[in-house]
């Protein structure tokens, strides 16, 4: 949820951390030496290559933390496609503030645009099928929320936010209850909060059958090849949602979509998206 | 500086932020439901592809924040090359704690190893020359310190840490003093702390000559082609250190080294390094 | 002290904690899915049963923390009696913000009104006598200040705020100086800050006499029956203030007031007041 | 999740807030004046009335925050029934530390035991039926997690933890989409994270039928009388889970259980539980 | 209150602030470059001139924050007189940790020893009389607690700690109630917490008489000369405690003591004490 | 860097700490009792003796933290000389807010003006020579930034801000590398960030020669007498900058300047400056 009605405590903590590590206790010694305190400036945020925009709110917030009087106006909306050379946003305010916040703000928005652009490519690769692309929890530290927003901006969907808003039973959890999927599902349903669903990870088709029999709501097929996945789809035949996970690349997506799985989750969306090339063109106001 | 004698306040802030966004206020509902509070476990941190290790201290610190009694012992040192399948570290402690901290710790170390591995490749590309590879301030928010350590672990060097520990005069700063490099250098020397050096960015050879005449200590050649850089090296002839910057790729490094520049800075080291594939193999203790 | 000239650091810490545990890192997923970011709304805070109002400032502050543009206007003052169905406050602002803050704000004000209502009943029970009702330090964690304000709003008085603004010598402290009230009073006067009074808790009339002789300023009669208390009042005969404490109920108050004690302190005012029934009637603005 | 493998950041924030408001910047002036720094002590936590124990972890944590060397050993487990006069825990450590932490620790545990005791009574009232008792989000600020633990300790179950781990569509959300339950459910499923269930609140049987037709997973029957609830159970006939909510008292529980609803949620469990009478008997070590 | 049984939250906040400003995000670059991580060291804290010791706890705490394994053992107690060249404390631990914490720890202890030394001189100047020396709230920001401890270590006494633990009615407060001392005292007694005393500042003997008539407990004589003070003492004749304040120097103290006032408060004790000369002699362990 | 374009995180932390220790959790009980919430006031900040102004931004910030609606307008600029009785600033706003913030704001500005005034005297003492006066890291905890600004306001210069923005090799560091200045300088240059200069402390002229030979950029002459310093200046003959340090007084400055050293650093500027006498004259608005 963006806009003034959200309450992004964790975003502010991340921005403060980034500003603190860039400014230290001594601040921007170059700007302090050379730019008069009263000088005003303007700036444009430019896309230097084609990309999908995301993270505008965080970009603006960096400038607000440095100086509440800097104005940032985005020309494009979250999720918009930007061509090379397009202006994403225009800024005005004290020249010192623009210079102080520049790098921290760019470091954020270059990453969120990178994620949104990759998510867009993945979503396009399965377009027209029933399959939806999901993200994972493999996000840069402190960027969970921004990364999940960028995934949605690109047109893909969110898996659970963290460890708290969904039960996902993995092999280690199964081992802790003696390997029994039934036992694991029963315990999870008994103690988990009531509005949280239960997903179980399986590596064999036998486990898949057991999970379906025991009333799992979602099953994650871990590192299976296409033949196995096809069998799994037949076994499930709609009684349970199926998620494919494990080393999925953009290239493999059309084939997975053709198999009819409900979800494909991709860690690379958030852990290895390349930073997009955006620059801030600053100039002193006349 | 790592080890107990450092005081990584900002690292703890980043780890807390990452744990908070993964655990929320409700915690790990799956582990709470399925893993007994008293169960103990062991784990191995495995390299799933060749890489350079960095970030072991941060990885360990995540587990300590979750549970001070988890023991993490690294088998390999910061900067070591890991082969596919090699064990980087062994852990033991409460099974719940291992599961709760797993993802947050991996999210950190996968990124730091990615940076170190890329820095190693860059350092190798200029080996034997006088040229040293430098990083930039284009780091993920909150990861400035970890990223700089990873760059050193890979064998490259650090540019300034932030805006506070070096004067770097860019075009916007020049514009603020009417474009005069002399004026900018004088003001910078007058007000900056005494142990901080002054670097100035130039885009023309005329500017380079002016900078040298005015006593700049380092000059950054911004986005120049090889021919220009060659002329710059001749002009400087050792009176000033030269740094090449702007869209530098691994492929271009040997040519730049051959030109005899002192430094080449690469934003990609920290803004676009791919996450390395590391996994944590957890098992219950017998 | 309420209003903009106070500096309720601890109130903000409590509100942030409450908002964080309700919103987590992922926020209000229902509102994000269903309520447009731009939708505006209005709301009324309604008393569903008769009560004394307290905590309006904290109620308003919750909305301000979520969204500084929400307007909250109280129709009734701190300490006012509300009838069933009366409107205590009117709100307007973004519909999302009203929904996000609703529960956290109600959780606060329902408790403060509960305390004020109970304090009013206690104050009424001793009306016309010299006896004043005091609260204790038995407050919900984080709600010390709000609870003390609610007690005053109800017409009762505040005992010390915490361990720092008054010396209260209990049996354990006496034991630490060998049981001597004289010794305890002398040490307390020697080292305590100069503007802080000294109160001593006694369980026997002998101790009361010793306390008076040694210059105690206030004496707490711990768990005495009415006969004993009557004797104590005679012994004191105005030379020292007397406080009655221990399992006091509303029913017992008139009798205690008739005995002529200066103070009766009641833990129940703050530890067991029932939450008042208040609701927020929200509607979309036309 | 309790024990050292949890990471109760929010619990520490609450405890620090409570200690800060009790100690201020000046600390415990009475103890500083009267109790020698080196004096050691022992203490027992005593139940002064029958109750169900909960919150032992938080109680211990208060002492650890004040002085990590205080030892707290609980004699009874979370959820155990305590008789009048039973010892719940034994403590030893510096006498000053015991005195400084006493009130803050008691303020916490008296409330959590109150909630657990009330939850036990409610759970007993529906024993043998299919109905389970649920809590709500009507918790004291900062005590969400402790309150939810106490509810489970008493034998009741948890509804969602906050606004982030479940979709609950109330009348205001419906109004925001023009009153259409279908529209609301579709939007919620489209944007909510994948492992979160969707519950919808209805006030009429027509709405209940629409919710079932549109695939709601849980339906909340808001403020219906027994006759209506009986009809709702028939209509649902197992296709959807039913939750009864609104002004439920202990007395009404057996009748509701007889109607065969799945859940009854009670705000009073957490908003109006009385503080249990527990005391800390401290004595100097010989 | 010092030692592990205290809970000096504000001290840790001050130390963290001091360490953060000295270390920034980049740390001690000299030590990182030159001192091996494993090197051990020893150190002595030496008095380079005669002084009264105070602040040993804070000095030790700085090293603990940097590295919990550094050991600090004080050879002299709080309040002890140190001769030139005397060893106040001995330290051992990692050499890096000793170097990193050195300046921050010295900056603290040099100031606290300065205050204690000046307080000792003031206390000596009134020795044998009934007069006690008081401090004020004129302390360096963040050093209120440390400064008050140093005053006591020197043998003087503490006035109120802050605005919260004592009522002190000054001219501005009087003006706010129309100048009536009676009105001010009544209002203060009605709303202030019960264990807090009431002091009133007067500038004339008429005001003094009014204050005594109205039951003030302490009266502050603001900027009066000796003749006036003598009259004030006669007027008071023991019915109220008298405090002299305003530009008091060490030289004037014996005369004030001879007049028989109860208290003399001196802002200079904490606002202008000179830093004592202490040094830390560090050497590598063999 | 002052003004709204700076981001003085650490200043706010210091101010909050100072306000918290003065207000505690209970606030200003005198003002709460006597001054109506709505009363407005005005105030003047008066110099009671001649001084150099510094710290106006921090002074204003204290009032803003207490009440953002208080207006503070400085009549004199940072670095201005104030005569006795001159008005430095005028304030208006809620009377309560003025009273609550008064002491904390004065405690700050009295210290910063003290430092600026002493720095001005030192700068005047070397006027006309090449020598510049430097500060040190001997600042009150939390006041590093404010102290450095005050030094500049007085006309002296800043040495490094902390341990992070300059390499200063002292005897302990030398010892850690076996006493070799060459070794120390090489290691420092190899690992320190690139824009940071290297200074080395020497106690003999032999060490000075070695430092110059090894390319040190600045050399600190530790505790040398005038004869030695004269020899050092001759040896250096402009190849390296020379800093004199150790027990320097105002009286010795002209002689040091005559010797031709580049810098003289004085710890007393920040560790022992006397607090200037400033008062806040508050009155209720008509």
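Chains here go by letter, A, B, C, D, E and F, matching the order in which they are written, and residues are numbered from 1 within each.
Basically, a residue touches a chain if its C-beta (ideal position, glycine included) is under 8 Å from a C-beta of that chain, and two chains touch if they have at least 3 such contacts.
Computed from a predicted model, the values in this text were never measured in an experiment.
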Chain pair showing more contacts of the two, C-F and B-C: C-F
Chain located farthest away, centre of subunit F as origin (C-alpha): D
Subunit F against subunit E, contact positions shared by both copies (same if over half, else different): same
Maximum centroid distance from subunit E, chain identifier (CA atoms): A
Between subunit E and subunit C, distance of the C-alpha-averaged centres to the nearest whole Å: 33
Centre distance in Å when subunit B and subunit E are each reduced to the mean of their C-alpha atoms: 45
Computed distance of Cα centres, subunit B from subunit A, in Å: 22
Residue numbers of subunit F (touch at least two other chains): 10, 20-21, 23-28, 31-32, 100, 144-145, 161-162, 164-168, 191, 193, 196
Residue numbers on subunit F that touch subunit D, as the complex places them: 20-21, 24-26
Subunit C contact footprint on subunit F (complex, rising order): 16, 19-20, 23-28, 31-32, 37, 65-69, 94, 96-97, 100
Residue ranges of subunit B in contact with subunit E within the complex: 1-7, 9-10, 144-145, 161-162, 164-165
For the subunit D and subunit C complex, residues of the former touching the latter: 10, 13-15, 17-18, 20-36, 39, 41, 95, 99-100, 103-104, 106-108, 110-111, 114, 137-145, 161-170, 172-173, 175-177, 184, 187-188, 190-193, 196, 271-272, 274-275, 282-284
Residue numbers on subunit D that touch subunit A, as the complex places them: 134, 152, 157-161, 164-168, 191, 193-199, 218, 263
